[in-house]
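Listed below are the structures to be examined.
First chain A sits with chain B, and in the next complex the same chain sits with chain C.
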Partner chain A sequence: MTQQVLMAVLAVIAGVGASLAYFFGTNWLLDRLAPDGRRPDGEYLSREPLRNAIRPWLFVLPALVILGIYLVYPVFETARLSLFDRSGTEFVGLSNYAWAIQNPEFHLAIRNNVLWLLFVPAMSTAFGLLVATLADRVRWGNVAKSLIFMPMAISFVGASVIWKFVYDYRGPDVGQIGIVNAIVVALGGEPQAWITVPFWNNFFLMIILVWIQTGFAMVILSAALRGVPEETIEAAQIDGASEYAVFFKIIIPQIFSTILVVWTTITIVVLKVFDIVLAMTNGQWGTEVLANSMYNWMFRGGGDFGRGSVIALVIMIAVVPIMVWNIRRFQTEEAMR
Partner chain B sequence: MAEVVLESIYKRFGNVTAVKDFSLNIADEEFMVFVGPSGCGKTTTLRMIAGLEEISDGVLKIGDRVVNDVPPKDRDIAMVFQNYALYPHMNVHQNMSFGLRLRKTPKADIERRVGEAAKLLQIDHLLERRPRELSGGQRQRVALGRAIVREPKVFLMDEPLSNLDAKLRVEMRASISKLHRRLGVTTVYVTHDQVEAMTMGTRIVVMKDGLIQQVDSPINLYDKPVNKFVAGFMGSPAMNFLLGNVQNGHLKSPQFDLAPSGDLAPKLKALEGKKVYVGIRPENLGLRGMSAIEEGDNIIKAQVEVVEPLGAETHILASVGGDQTLVARVDSHAQVAAGDQIDLLADLGFLHVFDMESEANLRYT
Partner chain C sequence: MSRRVPGLHITWGRLLTHASLAVLVVIWTVPTLGLFVSSLRDKDQLIVSGWWTAFSTTERSAAGRINARDAVEVDGLHVVEGNFLEDPRRSIVSYGVSQTALGAFAPGETIDLEGTAFTLNEDGSYRWVSEEPFPEGARHRIFHIMAIPPTFALTNYREVLASESIDRAFINTFTVTIPATLIPILIAAFAAYAFAWMKFPGRQWLFALVVGLLVVPLQMSLIPLLRMYNDIGATFGVPSKTYLGIWLAHTGFGLPLAIYLLRNYIGGLPRDIIESAQLDGASHFDIFIRLILPLSVPALASFAIFQFLWVWNDLLVALVFLGKDDDQIVLTSRLRELLGSRGDNWEILTSSAFISILVPLMVFFALQRYFVRGLLAGSVKGG
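== the complex of A and B ==
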């Protein structure tokens, strides 16, 4: 144990030390290799511009290399693997893609992903906005906000474990420990194995992610709401606006760009949703999603690198437009400042 | 068109009382200015009239209706805010018509009113712009326009010119006065700038520490301030206050010996032997030998510290007995320099005497 801790500390020191050594070393080297000098005609020659052109590249080089190895290269490798067979050795053309297009399980995963995309960002943003708006009006608002933010700190798998108990089912004649079934039974209903109820079980899983992401949406939107000038609200009240009109016609439009940012950020999280499905159902009972499907094909049952890669590419391509749009938006907003 | 009546209005924030026993009748079509240093409660009072602050105690009437518990939107008022408070996501036209649209005013009516107001304020070429694309002065005009199109009973203005540069402020001051004359709408205008108050108000309320000090027309406030605070607040440069003793009906100190005349003389008897503040406005002082003020028991000895020639006139900042200073407005051709010992003549007809404790003006007690 102590040895492990010691190793960890050493690793941190070594890592930081190596980084420092790299930055100071390359900087020193640059100054030595491109010093100021004299032209042949004896005129003083400053190589400062040259050094200034090189220096930033030296400093971002490690990051570029690491990004290249861990991000750019895998993209191309995945694209390549998608054209090869399950072991990644034999070229099979587009047959993996053809398989995906015809596979009902893949269709189900796509449909479920679309459902997740429609439901989770909308609900998280809506709840987040609701809490952010209402919490400022009550004295215990800050306590409520902290409680709602807390799930953010829980890992997706941890959250799934919690919600497994919420949806727990113990058979028809046993006492129910899951709170949902407990409530249903108390109200005179029949207990259900919720996560096996076709179609609706998708939403039961989505609620977990909504539960986690609402805190995120709330924090960001709460900050945005603070940025809405009080006077515009007062001016609207005097102009004759009701509370609803103030909210929808004055406040919402002013924080709309933030709402979009929150929405797209959660959308990207949702596209990659994996842990919750894996931990709750592993894609059974019609809850399969793309990321879980990819994981299953790639690493389980001996693994099929070809088919797994196809699904991985589909996820990546689905994320790209949202990313591009997000970045564009960010840039235009920066330009407007 | 309406009068606004405030009957012993109080505003309390926890233990702090921001406005105390505020009673005032604002007549129909009047331009009433609230003026005072920051924190005097003038904005709080305005916000209570607007309905943005609850009234802790007292009665507020607009027209003949008690509006204490009427929400802002139903008080038929329009307000112009210090930082304009334009809706950033709407263009000028939408900003101005927002209130009308909420009230479901017919479209043709909206167009007519916005068009007229825009023309009046010379912003008709900006209707498609967003607030962000406007200059400060233009934004202020839009904010005014937004208030005008509503055709409210009362305009409330909360330091609307304080964010503008000096030149624009003077311009807008005149525009607002003209606008008021033309529209004839009862207006309550809050400012901390006594020049704005003097130039715009038909009447002025001077406030301090949540209390009304004096309510009167600008010129009466200037000529007949009821206490030292009002005397010092109205007028620029401010009234000079010198410490003096009442001796045999004269106001005395080592540097001066003034013999007040008129109705002030008998009142001074009550303060015989006591210390008082002697108040004299800078324009009621003159340089001996260079002034129309006649000499006779009215000399103040002073030493010139700074001479500020303004072209049309010159301000002399002088020290009286080393520990007190005064300002005199004299002819611009006065031949004085820093360090000179001078004799200033005080116009005794404009002398004010303030009680040390109550700070009340002896003339009006």
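== the complex of A and C ==
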């Protein structure tokens, strides 16, 4: 154990040290190798332009190399592997795609992902907006926000344990220890094994992600609400608009772009949802989603990289529109700088 | 909505606001509270009663055995004595001689057991007396209801730390998390400065690429990287699952956000600082180290918290790039295994889960301001 701690400390020093050594070392070298000097005819020679041309690349090189290896190259490699067999050696054309199109498990994963995409961003954004609005009106609002924000810090696996306990099921003859079933029984209903109930179990898993993501939506929307100019609200109130009308006709339009950002950010999280499904059901009882299916194919029966790659590509394709939108948004903002 | 509540200086609308917010807060906190309370409960109680009953005295039925074999002779009487309750804080509520008659007798009451006398006292002690020697093999089961006062203890935590190698997983998680947080910060800070203040061909284009990479799903990278790691392992005869491997992977996956956040922050610093330093003959390297880095601490802290929470809570990357033996398994991965193998041992699951979320919760509550700032910079402004 002590050894492990010692190793961890050494590793931190080595890892950070190596990065530091690179930056200090290369910059020192650059200053040494391209110093200012005098030309043979004695005239002063500044090599600053040369140094200024090289230095940016010393700064960005490690980042570009790592991004290249860990994110850019894999995109192309995954696309290539989707055309190859399970071990990635033999070209099989589109047969992995044909498999996906005909496979009922894949259909189920697509359907469930669509359900997730409809439900989770909508519910998280709605609850986030509700909490942000309510919390601004009460004195204990910050405490409330802090508590609703808390699940953001909890891992998806940790959240799964928490909610598995919430959904826990005991036979109808014994006391329930899961709070949902306890409430159902108290109201005179029959206890249910919630995570095995066909179709609806998907929603019981989604609730976990809504529980986590609401805090995120709340924080962002709360900041946006603060940015809404008081005058616009007051003007509407003077005109006799009800609180309802002020909210939907004055406030919402002004924070609409933020709502869109929150929505898309949660959408990306949802597309990649994996831990919750793996921990709660591992895709059983009709809860399979793409990311979990992809993980399974990576390792199932020694792993099928071709099929895994096809599923990964489907997730990627779903992200592309958001990616393009992000870059566009970034470029218009840059243009306005 | 603006009608006043009679006698109070608040309106119905305000009351509704308070009430709705309170309901939401309760719904959002109760699941975590349930986990925490349960982790402190006795494991036998945990599986028979809901955690919300833990604060009140609970009653549980049990059966105790009495056997004539244990009889001793005292003053000419044959006596069997003992105590059904292990814990002195528990007490007997009622008892009986069959499972259906648990409430037949009050504690202290003496009953007739086939010509012998039996008494069960409130403190659990019992006395079974016969004037004649007990018949060979005479034994009875005494059914009783006991009252269990609320008890909370760290027993479950002690148990999982000792037997489920959670302690080891805890250290492994730190071993993964700290370098995987620090290395990307360093690399990203330099790159961010270059993107913000240095001139080089392709700067705009490369940064747009970084913005695009922000949303590339992890899933795209897993198979190629797994293959690459396996090939490197096979070619050089080194293990393919190493801490170095996962640090670099987390660095790669964290870099786009890090560069994006830091570039926006550093790009927002006043131009004068940099230009006047340049006039004094400072190189970009000096400016970055001496001026920009100290000024960027809030942004660095924001990203550090982000990345720390992300890496600590990650399961997928750890599953793919680390082994599952004791020397490499991280908390999330261990917890996921426990969910499979100990799915019904709630005392183990609840305490392990709480150990795994303890550090993120502390970081979160201590540094919430920076975390929020990072979130806002990362999504709302977008520039």
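In the analysis below, the second predicted complex is superposed on the first by the 320 of 337 C-alpha atoms of A that agree within 3 Å, B and C clash if a C-alpha of one lies under 4 Å from a C-alpha of the other, contacts with A are read in each partner's own complex, and residues count from 1 in each chain.
Methods note: a residue touches a chain if its C-beta (ideal position, glycine included) is under 8 Å from a C-beta of that chain, and two chains touch if they have at least 3 such contacts.
Note that the structure is a prediction, hence the values are computed from the model and not measured.
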Legend entry - Fit or clash - chain C, chain B, common chain A: fit
Inset, instruction - Examine A:Met123 and indicate which partner it touches, taking first as chain B and second as chain C; both and neither are also allowed. - result: neither
Inset, instruction - Have a look at where A:Asn27 lands relative to chain B and chain C in the superposition and call it first, second, both or neither. - result: second
Legend entry - Touching partner for A:Ala245 - first (chain B), second (chain C), both, neither: first
Inset, instruction - Considering only touches as defined above, state whether A:Phe274 meets chain B (first), chain C (second), both or neither. - result: second
Legend entry - First (chain B), second (chain C), both or neither touched by A:Arg329: second
Inset, instruction - Applying the touch criterion given at the start, work out whether A:Ala224 contacts chain B, chain C, both or neither, answering first, second, both or neither. - result: second
Legend entry - If touched residues of chain A are counted for chain B and for chain C, the larger one: C
Inset, instruction - Quick one: classify A:Val310 as touching chain B (first), chain C (second), both or neither. - result: neither
Inset, instruction - Please state, to the nearest 10 degrees, the angle that the Cα centres of chain B and chain C subtend at the Cα centre of chain A after superposition. - result: 100
Inset, instruction - Check the superposed model and tell me the shortest C-alpha distance between chain B and chain C, rounded to whole Å. - result: 9
Legend entry - chain B/chain C common contact set on chain A: 242
Legend entry - Touching residues on chain C, where the partner in the complex is chain A: 1, 13-14, 17-18, 20-22, 24-25, 28-32, 34-35, 38, 46-52, 167-168, 171-172, 174-175, 178-179, 182-183, 186-188, 190-191, 193-195, 198-200, 203-204, 206, 208-227, 243-244, 247-249, 251-253, 255-256, 259, 283-285, 288, 309, 312-316, 319-320, 327, 332, 335-336, 339, 346, 349-350, 352-353, 356-357, 360-361, 363-365, 368, 372, 375-376, 379-380, 382-383
Legend entry - Residues of chain A that touch chain C when the two form their complex: 1, 4-5, 7-8, 11-12, 15-16, 19-20, 23, 27, 31, 51-53, 55-57, 59-60, 62-64, 66-67, 69-75, 77-78, 81, 88, 127, 130-131, 134-135, 137-138, 141, 144, 146-158, 160-166, 168, 174-179, 182, 211, 214, 216, 219-220, 223-224, 242-243, 258, 261-262, 265, 268, 271-272, 274-275, 278-279, 290-291, 294-295, 298, 305, 308-309, 311-313, 315-316, 319, 322-323, 326-327, 329-331, 333-334, 337
Legend entry - Interface residues, chain A side, partner chain B - complex: 229, 231-232, 234-242, 245, 249-250, 253-254, 256
Legend entry - chain A contact footprint on chain B (complex, rising order): 50-52, 71-73, 77-79, 81-90, 98-99, 102-103, 146, 150
